[in-house]
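In the two complexes below, chain A is the common chain; its partner is chain B in one and chain C in the other.
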Partner chain A sequence: MSSTFVQQFIEQGGARSTDRLPTWWKEFRSSALKKLETLEVPTRKDEEWKFLKLKTLAKTSFVAESDAALSLSREEIAARLLPESSASTLVFLNGRFSSELSRVDELPEDVVLTNWQGLLDQDPGLVRDYVGANDFWKDDLFYNLNGANFEDGAVVLIPRNTVLEKPLHILYVGSGKEGSYASHPRNIIVAGENAEATVVEEYDGRDSGAYFHNVVNEISVGANATVKHFKVQRDSTDAFHIARNLITVSQDACYDATAINLGASVSRNDSYARFEGQNIDCTLDGLVHIRGSQTSDTHTALDHAQPNSRSFQLHKVIVDEGAHSIFNGKILVRKDAQKTSSNQLNQNLLLSNKAHIDTKPQLEILADDVICSHGATVGQLSEDQFFYLMSRGIEREHARALLTYAFAAEVLETITVDSLRNALEAEVLAATVG
Partner chain B sequence: MLLEIKDLKASAENTPILKGLNLSVKPGEVHAIMGPNGSGKSTLAKVVAGHPAYEVTSGSVSYQGEDLLELDTDERARAGVFLAFQYPVEIPGVSNASFMRQAYNARREEEGLDELDPLEFDDYVREQLKIVEMDPAFLDRSVNVAFSGGEKKRNEILQMAVLQPKLALLDETDSGLDIDALRVVAGGINSLRSEDKGIVLVTHYQRILNYVEPDFVHVMTNGKIIKSGGKELALELEDRGYDWILEEKEGAA
Partner chain C sequence: MSSNIETLMDRPYKHGFVSDVEMDTFPPGLNEDVIRHISKKKNEPQFMLDFRLKAYKHWLTMTEPDWANVTYEKPSFNDIIYYSAPKNKPKKDSLDEVDPAILEVYEKLGIPLHEQKMLQNVAVDAVFDSVSVATTFKKQLAEAGVIFSSFSEAVHDHPELIEKYLGSVVPHTDNFYAALNAAVFSDGSFVYVPKGVTCPMELSTYFRINTQNSGQFERTLIVCEDGGYVSYLEGCTAPQFDTNQLHAAVVELVAMEDAEIKYSTVQNWYAGDEDGKGGIFNFVTKRGVCEGDNSKISWTQVETGSAITWKYPSCILKGDNSVGEFYSVALTNHHQQADTGTKMVHIGKNTKSTIISKGISAGVSQNSYRGLVKMAPSAEGARNYSECDSMLIGDRCGAHTFPYIDVRNPTAQVEHEASTSRIGEEQMFYFAQRGIDEEDAISMIISGFCKDVFHELPMEFAVEARALLGIKLEGSVG
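On to the complex of A and B.
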């Protein structure tokens, strides 16, 4: 018998309507429900969960998203909308799709940008091949909580040879003020052969009160396709955010992701990229900037199964006050993956002596002809730099913000959506001014 | 008096470095401070600029009649004190232009003037660039990152030209420069020279004094100024080294 934490989601999942669901979805849900009966909240004895404390999450009881409906006007979310995506934005409020706030217009022919409930009106069979295809987390509690409970999320299907000029924006706004809800967004992003797209996935919290975003992303990048994926997590500091990003990349394709984690009380952002072909470029960059008693954990795995591909990772962390950051980055180069080139760097900046860092970059190399490097650094702002800036008339607080921002800049610069990058740059600067 | 240092004693990590130093600089004057390595020249410059590693244990430093030691590093800078570093610091991720603009605007704000926006500042800084014969490309690069030794020194003089300090302390800005770069740097220093400004030039070599003519030359050893004179003293030091002064000193004692 599983814990009350797991049990509440088994009950919620079992109570969700299956009326409109196709058979394969019903089966997917019931097998996840069955799996959940055997799963427990991970403890620190579990190697993958050694440093992240899940106690407060496990003690919290959550209602389904339908019992905490949130309603917001366009004005109230205006600050978060991206001008670049004025005709390609999906908005979810407390996990439920808002057709009033979403805008989908003028997309090229055959592009699908919709939510799951919208897809049921069209052809749910379109995504059947992608759901559960990459089963890396098949024994993971949170992956199965999502499988048993997901009702909505974004569905992005870009047909072969289609280039999307404008970024797609998937915006989840969360608030605990209508009740402590748990939502299990599942986002499907599929780029066909030669397709190109930029996707901004954003979680934005407001008000106080706990809620739980338990996300699964299933991303498939077709041959010679290019997907840029920018994730921004600024859930409220009472919230929990757990995400599993499953990425499958085909030959000659390029997947570049940057994950910005600023919010949530406890957050976990894990990515697993499987290389299913040669000549692939894959980047998993990240920036974590947390303070107070926030904890943020990032686990990534780059799985090179075939020769001649490249991966790159720059993961930067800024921890202030009593915050705690964890990073575990694995590069796996399988026996056949000769001529793999992989470069991973984790840099941590401690802004307070109460802040805490755990970092573990890992190489697992079974091929012999590869170029792989990895490393981690932990440092503080340098007194020499402070003195230099202050000797030019810049106040200490301002110097601190400038130096912190400078540390983050390299990651923020990877974001090619101008309005988003500018907003984040301003935010990082503002967050460091005491 | 622009700067008046009386019986200054300072230590780092409880080790005394400055051991009773006196120096007075009037507006319009250029003072050269020479002395062997380790005599405390950089320490003097950093103490005046307010480096936190040094503790002033006695004595006083007044600037335009006010107690300079009461001010934080940034307040001193905004009041017009400038230190050209012997070893300029690299700041990855901060562009040279935005760094100088923020420094310049901090100074302007202090003086009750409007801030310059990036475009206005760009016009202003490009004028100053000509003084140090620097390529505008240096504006977009991170502060001092991957600059050669000579480029770092020019960049210090550029910052000085931008900020127009009332009191400039130049710590071995001439060291490690070839003759062309030395001329450029000296030109930058001379262009700051004016009746209301004071310059303290810390140097190891007499060479720069051929280009920047000092009003006074001081010899510093072991944390004190032990001899002062006119510019001819520098030539004598060049010929005879420092030992004769030390001997003279001991003979007198």
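On to the complex of A and C.
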């Protein structure tokens, strides 16, 4: 018998309507429900969850998203909309699609940008091959909670040879004031051969009160395609955010991701990228900036299953007050994945004596002709840097803000959507001034 | 080129002989009676028996750990011989009284005690299977006030010191193998350096497992009082058997104020044959505590043997300004698996630690570095620098790095770097161009790769270590 925490989601999943669902979706849901009977909330004894405390999450009870419907006007979310995506934005309020706030227009022919419920009106068979295709987390509790409960999320299908100039924006707005809800967004992003696209995935919290975003992303990058993926998580500081990103990359393709984690009381952002061809370029950058009693955990795995590919990772962390950050970055180089080149750097800025950092960069190398390296540092702003700025008449407090901002800026600079980058830079600067 | 390398790799293990020394051996198996028997045989005081029984009871409640990145068939603890000692052992004052057959073994191993005594000014405590057979240079050390004796002798001669420090660094509850060791350890070495004394010579222990199916459970305890200094060397070999043998040792170091302990190991236990049959399971707990301010503990290890190695020499940096160091070369070939590294736990202010780890994997072996750097909230101004480099020779082996970093102090600084490489064709070409043959080239490249560690070894060990790596790797680059 599973714990109360798991049980509530088994009940919710079982109560969800299956009327409109195709057979394969029904089967996917029922097998996840069955799997859930055997799963428990992970504890510290589980190596993957050694440092993240899930006690508060496990003690909270959540209602289904339909019982906490949120309604907002366009003005209320205007600050979050990206001008670049004025004709390619999907908006979800407390996990449910808002057709009033979403804008999909003028997209090239055959490009699909819709939500799951919208897809049911078209042809749900289009995504069948991608759901559950990468089973890396098949025994994971949160992956299966999502499998048993997902009803909505974004579906992005870019056909071969299609280049999207404008970024696609997927915006989830969450608020606990209508009740503590759990939603399980599942986003499918598929780029066909030679396609190019930029996707912004954003979680935005308002008001106080707990809610739970339990995300699964299934991303497939076709041969010679390029996908840029920017994720911004600023859920409310009472919220829980857990995300599983499953990425499959084909030969000659390029996948660049930057994950910015600023919000949530407890957040976990895991990515698993599997290289299914040669000559792939993959980047998984990240910035975590947390304070108060926030906890943020990032686990990544770059799985070089084939030779001749390159991966890069820059993960920066700023923790202040009583915050706790965890990082585990794995680089796997499988047998015969020769000529792999992989570089990882994790830098942590520890600003308070109550804050806490756990980091574990990890190399697992099974081929000899490779160049792999990782580095991790934990430290603080140096006195030399302070001196340099203060000798130029900048006050210590201001210098501290500038230096902290500069530390974060290296990651923010990788964001190619101007309005988003500018907004984040302003936001991080404001936060560092405190 | 590669076949050439293979022939070189297949060099036989030259320490693989069994010597025919008359042994006093218990039947295999473990229960309370065996422990009482070991204790009685060694004529131990009550506190020792209590310690053993307490550990045994705790051990029964524990399960064998499986988190390490190694796979093996777990030993059956009831098939192991827990006590095996050469017969004929009233106490010896000089080497002349030692069974000539045993001396011959050491001679074959290349440590003629007589010679060493004369030439190298190194005091040797030799442990044969489980019992210490000879301690050279005892008198000279006594003059300086240094106690260097087998553990069993120390239990009788200095019970107050043993009772005070035994289990103080590695408690009997520490882990599965440490608990087993605490219950059944039969001998080992004890070193005590009094206040202000610099030990006049390097101390050395040589371990040898001779009996088939026997486990070796030795325990080393080194206590260095205020301002003392000691350098301690440890070497290990075992004969070739095609069954696995268990070696579960515990080493405890205590460094008081301003004291320094340097502990060096060259481990060359039998690694099994090229198909991975036989070899030693080396499951060792080594830990030192820098109890006093300004103290220093330095671990240097060259790990070339054993079928499975599971070993993390660690430092607890309690005293302010104390220093911990870990220098390691771990080489695995054929089916060997090593999961080794260190833990540096910073508690005191301005504590410093350095970790330099060089892993070399060849054949189908797996070599893992696993380490922890922990900065407690009290570790103001603490620093750590870690560097873990791996070299892969051949495309069937693996190199893994699992560094854990846990920081809770905003003035502490931690830096960790790791890289992976191989011997490149360009490097080999460079040597060939200058008329240096393949073997010498490899040996020089490996020496260069490991030089930061070799540099830390005492002279005679450095020579041995270099030769050992040369032999182990000959012919492995293709």
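Throughout what follows, the second predicted complex is superposed on the first by the 434 of 434 C-alpha atoms of A that agree within 3 Å, B and C clash if a C-alpha of one lies under 4 Å from a C-alpha of the other, contacts with A are read in each partner's own complex, and residues count from 1 in each chain.
In the analysis below, a contact is a pair of C-beta atoms (placed from the backbone, for glycine too) under 8 Å apart; a residue touches a chain by one contact, two chains touch by 3 or more.
Here the structure is a predicted model, which means the values were calculated and not measured.
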Taking the superposition as given, does A:71 touch the first partner, chain B, the second, chain C, both, or neither?
neither
If we overlay the two complexes on their shared chain A, which of chain B and chain C does A:390 touch? Say first, second, both or neither.
first
Is A:398 contacted by the first partner chain B, the second partner chain C, both or neither?
first
Could you tell me if A:18 is touching chain B, chain C, both of them or neither one (first, second, both, neither)?
neither
In the superposed arrangement, does A:357 touch chain B (first), chain C (second), both or neither?
second
Determine, under the contact definition given at the top, whether A:370 touches first (chain B), second (chain C), both, or neither.
second
More residues of chain A are touched by which chain, chain B or chain C?
C
Would you sort A:348 into first (chain B), second (chain C), both or neither based on which partner it touches?
second
Once bound in the complex, which stretches of chain B touch chain A?
49-53, 72-74, 76-78, 82-83, 85, 88-89, 91-94, 99-100, 102-103, 106-107, 110, 142, 159, 163
Chain B-touching residues of chain A, taken from the complex the two chains share
382-385, 387-396, 398-399, 402-403, 405-410
Taking the complex as given, what residues does chain C use to touch chain A?
67, 375, 377, 390, 392-422
State the interface residues of chain A toward chain C in the complex, per the touch definition above.
47, 335-336, 338, 348, 350-353, 355-380
